[in-house]
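Following this message is one structure expressed as C-alpha cells.
Each chain carries a letter (A, B, C and D) given by its place in the written order, and its residues are counted from 1.
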Amino acid sequence: MSEQPQLSTTNILQPELKVAPIDWFDYPVRAFPHHTDYSGVVWHGTYLTWLEEARVECLRSMGVDFAELVALGCNLPVMELSIRYHQAIQMGMDAIVRTRIADMEGVRINCDSQIQSLDGDVLYATARVTLVAVDLAKGKILRQLPSSVKDALMKK
Amino acid sequence: MSEQPQLSTTNILQPELKVAPIDWFDYPVRAFPHHTDYSGVVWHGTYLTWLEEARVECLRSMGVDFAELVALGCNLPVMELSIRYHQAIQMGMDAIVRTRIADMEGVRINCDSQIQSLDGDVLYATARVTLVAVDLAKGKILRQLPSSVKDALMKK
Amino acid sequence: MSEQPQLSTTNILQPELKVAPIDWFDYPVRAFPHHTDYSGVVWHGTYLTWLEEARVECLRSMGVDFAELVALGCNLPVMELSIRYHQAIQMGMDAIVRTRIADMEGVRINCDSQIQSLDGDVLYATARVTLVAVDLAKGKILRQLPSSVKDALMKK
Amino acid sequence: MSEQPQLSTTNILQPELKVAPIDWFDYPVRAFPHHTDYSGVVWHGTYLTWLEEARVECLRSMGVDFAELVALGCNLPVMELSIRYHQAIQMGMDAIVRTRIADMEGVRINCDSQIQSLDGDVLYATARVTLVAVDLAKGKILRQLPSSVKDALMKK
C-alpha cells in the first residue's frame, strides 16, 4: 500500500503566505427537493456542492475565474475536506454559505466556510477545504501557484 | 451565533464502547460517467455516496438493516466527516471501499474507510465519518443507541 | 408484470383546465464543477436538478410554496419527463431555465421548460415534465388538486 | 433563437441498422439514502444515474468499453431521454434495470430500459435514451459510428 506522499513534498520550503484580510464572501443557497433525503432534511453530501459553488464564487470575487484557470491547464482539486454538521436544514429553507480563503501554504489553499441562517443566528455547518494546484493534463502537483492566482489571493 | 452544543452533551458519562474486532468490510465501486467531473476523474463529492453505500452495507453485514432502523424511528445522520484525497480515480476504474466501525462513544459511531485499488496497491482516499443516533421524528439526539444496534456492533 | 395503470384512471372525466396565460418564469443557473462530467460539459442528469429548481420557483411565483404543500401532506412527484439536449453547456457558463405551467389535466400538471443562453440566442435543452398530486403519507394519487394549488394555477 | 438542427442532419441517408436480437441486460441497483428525497422514496433524477450505469455495463457486455471509447476520442452523450415513473422505490429496496440497445439510426443509438422488482412483478419505471456519437474534442456529431462500436452492436 503506497500512501502517495507527493501531495505535500513540493512545498516544503515555501513559506505560508498571508492572504488579504478580506471579509467573508456570502453565497446564498436554498434547499430544493433534490438536496434532501428520506429524513426530510438536506442530505449531508449536498453541502459539498454548496461549498464548491461558494468557493468558486468567492474566488471570482477576488479576481480568479475558475473555468478560465482550468482552460489554462491549472486545476484546483480538493485534497482534504472536513465538515461538521451542527443543525439540519429543512426543505425550502434558505441559508448563507460564508466562505473565505484562510491561508495558502505553497500550492495549497485552505478555505473556511460556515453555513448559517440568513439572520446569522443559527449555524448549520462548518467546513474546511484544502485545494491544491495541479497540472490538469498531467495530474501532477504544481511547484507554485500560477502568479495570477497568487497575486489575486495574497495579502497586499 | 449559537453553535449548538447539544450534539455532544447527552453522552458525557457514557463510556466508550469497544466494537467487535471485525475485519474490514469491502464494498466494490466503479467510476461511471456521472461520478466524474470536467477533469476526467471522480468528483470529490462522489466519494460521500460511496462511503455511505459502504457504511450501510457494512452495518447490514453486522446485522443492522438501515432502512428498518429508520422505519423504527431511529436515524443515523452524519455529524462529522473528514476525508483526504490521495490519488484520483479515472472514469471506468474499479475501487474497493474498505469500511469498519472504529468505535462507539455513547450514541456516536465512528466509521473509518479506505478507498483503494482492487489489488490494494494504491490508496485513493481515507475518511472518517461520525454518525449519531437521532429520533427521526423529533430530530433530537437519542440518550442511547437502540439496543438492537448496540448489540450488533458491540464487542462480544 | 403489472404496469400500474392507476396513475391515469382517476382523472378520466376531469376536463383539462386552462392555466393562466402567464409569461415564462426565468430561473438563472450557472455550470459549476459538480455539474460537469468527464467531457467538460454539464452532465445530462444535472438538468433535472435545474428543471426542478425552476419548477419550484415558478410555482412559488404563482403563489404555491412547495415545502408548505408537502408539509400539508400533498406531494407533487414527477410522473413523466422528457428532455432533448440541443447544445452542450460548458463549465462556468450561465443559462436561463424558462418554465411555465403548460396545462393541467385533473391532478396532473404539465410543465414546459427551455434552457437557453442569457441572450436567448442559443437553446441548450427543452423539456416537458408531468407532475401528479399524491397523498404524501399514502402514496396514492389524489382525486383532485388541493384547491389552493388549483386556484393559484388556474386561468382567472 | 436557433434550435440547432445539426444533431440530425448528418445521418439522413443512413439506413436504420438492426442490432443483434440480444436478451435484455440486467443491472441490479439498491436504493441508498443518497438516492432518496424528502418523500422517503428514490428521487426522480436518481434514475438517470442508474440508467447510465446499466447502459455502460450493457455496452461492456456487448464488447464496447465506454472509458476506452472516450479515451479514443469518441463520446456518446445523451441526446434525448424520456422516462415514465410507474411506482415509487422505497429506501433499502432492490431493483433491476433491464436495458437493451433497441436500434441504431446512423450515429444514434436508442436504448430501452425497464426498472423493475427483482421478481419482475412490479414495474417501477420505463425509459428510452438516445445516444449520439460525437467527436469528444470538437463536440461535433460524427459521420458514422466507430467501426468497433458498429461491429459490436450490429446484428450478425
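To be clear about the criterion, contacts are C-beta pairs under 8 Å (C-beta built on N, C-alpha and C of every residue); 3 or more make two chains touch, one makes a residue touch a chain.
Fair warning: this is a prediction, and the values are worked out from it, not measured in the lab.
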Any idea if chain A and chain B meet via the same residues, over half in common, or different ones? same
Between B-C and B-D, the pair with more C-beta contacts: B-D
Note to self: chain C rotates onto chain D (CA fit) by an angle, in degrees and to the nearest 5, of 180
Could you put a whole-Å number on the gap between the CA centroids of chain A and chain B? 23
Roughly how far is chain B from chain C, going centre to centre by Cα mean, in whole Å? 34
For chain A, write out the residues touching at least two other chains, lowest number first. 33-34, 38, 41, 45, 48-49, 52, 70, 91
Could you classify the connectivity of these chains, where an edge means two chains touch, as line, ring, star, complete or other? complete
Residue positions on chain B within touch of chain C in the complex are 33-34, 36-38, 40-41, 43, 45, 91
Would you mind writing out the residues of chain D in touch with chain C in their complex? 1-4, 7, 38-39, 41, 44-45, 48-49, 52, 70, 75, 77-88, 116, 120-123, 136, 139
Within their complex, state which residues of chain B touch chain D. 30, 32-34, 48-49, 52-53, 56, 65-68, 70, 90-93
